[in-house]
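Could you have a look at this structure, given as structure tokens, before my questions?
By written order: A, B, C, D and E. Residues from 1 in each chain.
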Amino acid sequence: MVLGKVIGSVVATQKDESLVGKKLMLVKAIDLEGNLLEPFVVAVDVVGVGIGEKVLVVNGSSARMTDETRERSIDSVIVAKVDSINIS
Amino acid sequence: MVLGKVIGSVVATQKDESLVGKKLMLVKAIDLEGNLLEPFVVAVDVVGVGIGEKVLVVNGSSARMTDETRERSIDSVIVAKVDSINIS
Amino acid sequence: MVLGKVIGSVVATQKDESLVGKKLMLVKAIDLEGNLLEPFVVAVDVVGVGIGEKVLVVNGSSARMTDETRERSIDSVIVAKVDSINIS
Amino acid sequence: MVLGKVIGSVVATQKDESLVGKKLMLVKAIDLEGNLLEPFVVAVDVVGVGIGEKVLVVNGSSARMTDETRERSIDSVIVAKVDSINIS
Amino acid sequence: MVLGKVIGSVVATQKDESLVGKKLMLVKAIDLEGNLLEPFVVAVDVVGVGIGEKVLVVNGSSARMTDETRERSIDSVIVAKVDSINIS
């Protein structure tokens, strides 16, 4: 899973039926201190996160293993809100 | 999903039957301001987009989860036309 | 598989049911001498590793082929603790 | 799909049965003007292309969706010979 | 498939049952002249290769399509020993 921060959202009316009713969030990768990195992805939110929150993103076929995304044309999904990052 | 802009198309006559009848579009990655980035991909259009439009591209096995691409040798598909990008 | 070192963990309460009860470890990529590299990933631990240990990480759909991760929305898993790296 | 140019081939006698009888071509990525880029891949040719031709390469699990590659240990396949690239 | 050279091996006692009895080889990417590049991967050897040999590596779900790796948590496999690279 990739660590990221929710920075916005995307609106798309004309789309494949796979995406109908899905919340499309903009997630930027972050480093371990929480600083924003360059890469970003548009991911479907299945846990209910808000702007500015740290999240875990699952990519690829595993992104279709949640109830909301199963067998849909979705390759990126927010699967968790991160409470804390613990470096030892 | 990856954010991109449609910049052209590809014509291929000699091809695997997976691709017969599919529209092959050139999509360049864009940043959050809509500026073109270097990476580009050839993606099958399943929503009907035009040149210059911002789109969402799904890659990998999830690209086969639309009605038009199912079980085909296709690893990149345009699944949505982007209306707006909202940064908070 | 990717070579990495466990450097910490992530706590997430609000998450998809795929991740319930899973240990989420922070793993940084390492070079062949064991030096930490920049990329890192959050991976589910299925073998019981500790902080500072060298591990092998499986990514993508193969990350769902362990008993603990099957059919879950997980794309990165620690599948082994590395005893030694032998360069010839 | 990735745009590339066929620059050579690979011979391998000792191999998994997945690859028996398959033509292994060297394909270098190209930019939109047809200039060779650094990355290259070894891809199975299922359409019959020649050296110097521009092609489309499918990677990942979708590379197994042609009749010649189904259920084989192949992650890269040439699915089309490119006739023209049209930038608008 | 990716072109690489076998440079060593990895020993791991504590591991997922997917990896039991599998030979874990260190493979470094090479360029077309055979020079070692930076990226490396730990791949399961299913064809019987030796240190210093040039090989083809299959990554992702296709790495599970050999008899030895089927349905295992393995995302990288050596599928061939390369006899020659022919650039035209």
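By definition in this document, a contact is a pair of C-beta atoms (placed from the backbone, for glycine too) under 8 Å apart; a residue touches a chain by one contact, two chains touch by 3 or more.
Here the structure is a predicted model, which is why all the values come from computation and not from measurement.
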item	value
Interface residue overlap between copies subunit A and subunit B, same or different (over half shared)	different
Intercentroid distance (Cα basis), subunit D paired with subunit A, Å	32
Subunit D-subunit E separation of Cα centroids, rounded to whole Å	20
Where subunit E touches two or more other chains at once, by residue number	60-61, 63-64
Cyclic chain order - from subunit B, heading first toward subunit D	B, D, E, C, A
For the subunit E and subunit D complex, residues of the former touching the latter	1-3, 32, 46-49, 56, 58-66, 69, 77, 79-88
Complex interface listing, subunit A residues touching subunit B	7-16, 18-19, 24, 26, 40-43, 51-52, 60-61, 63-64, 71-76
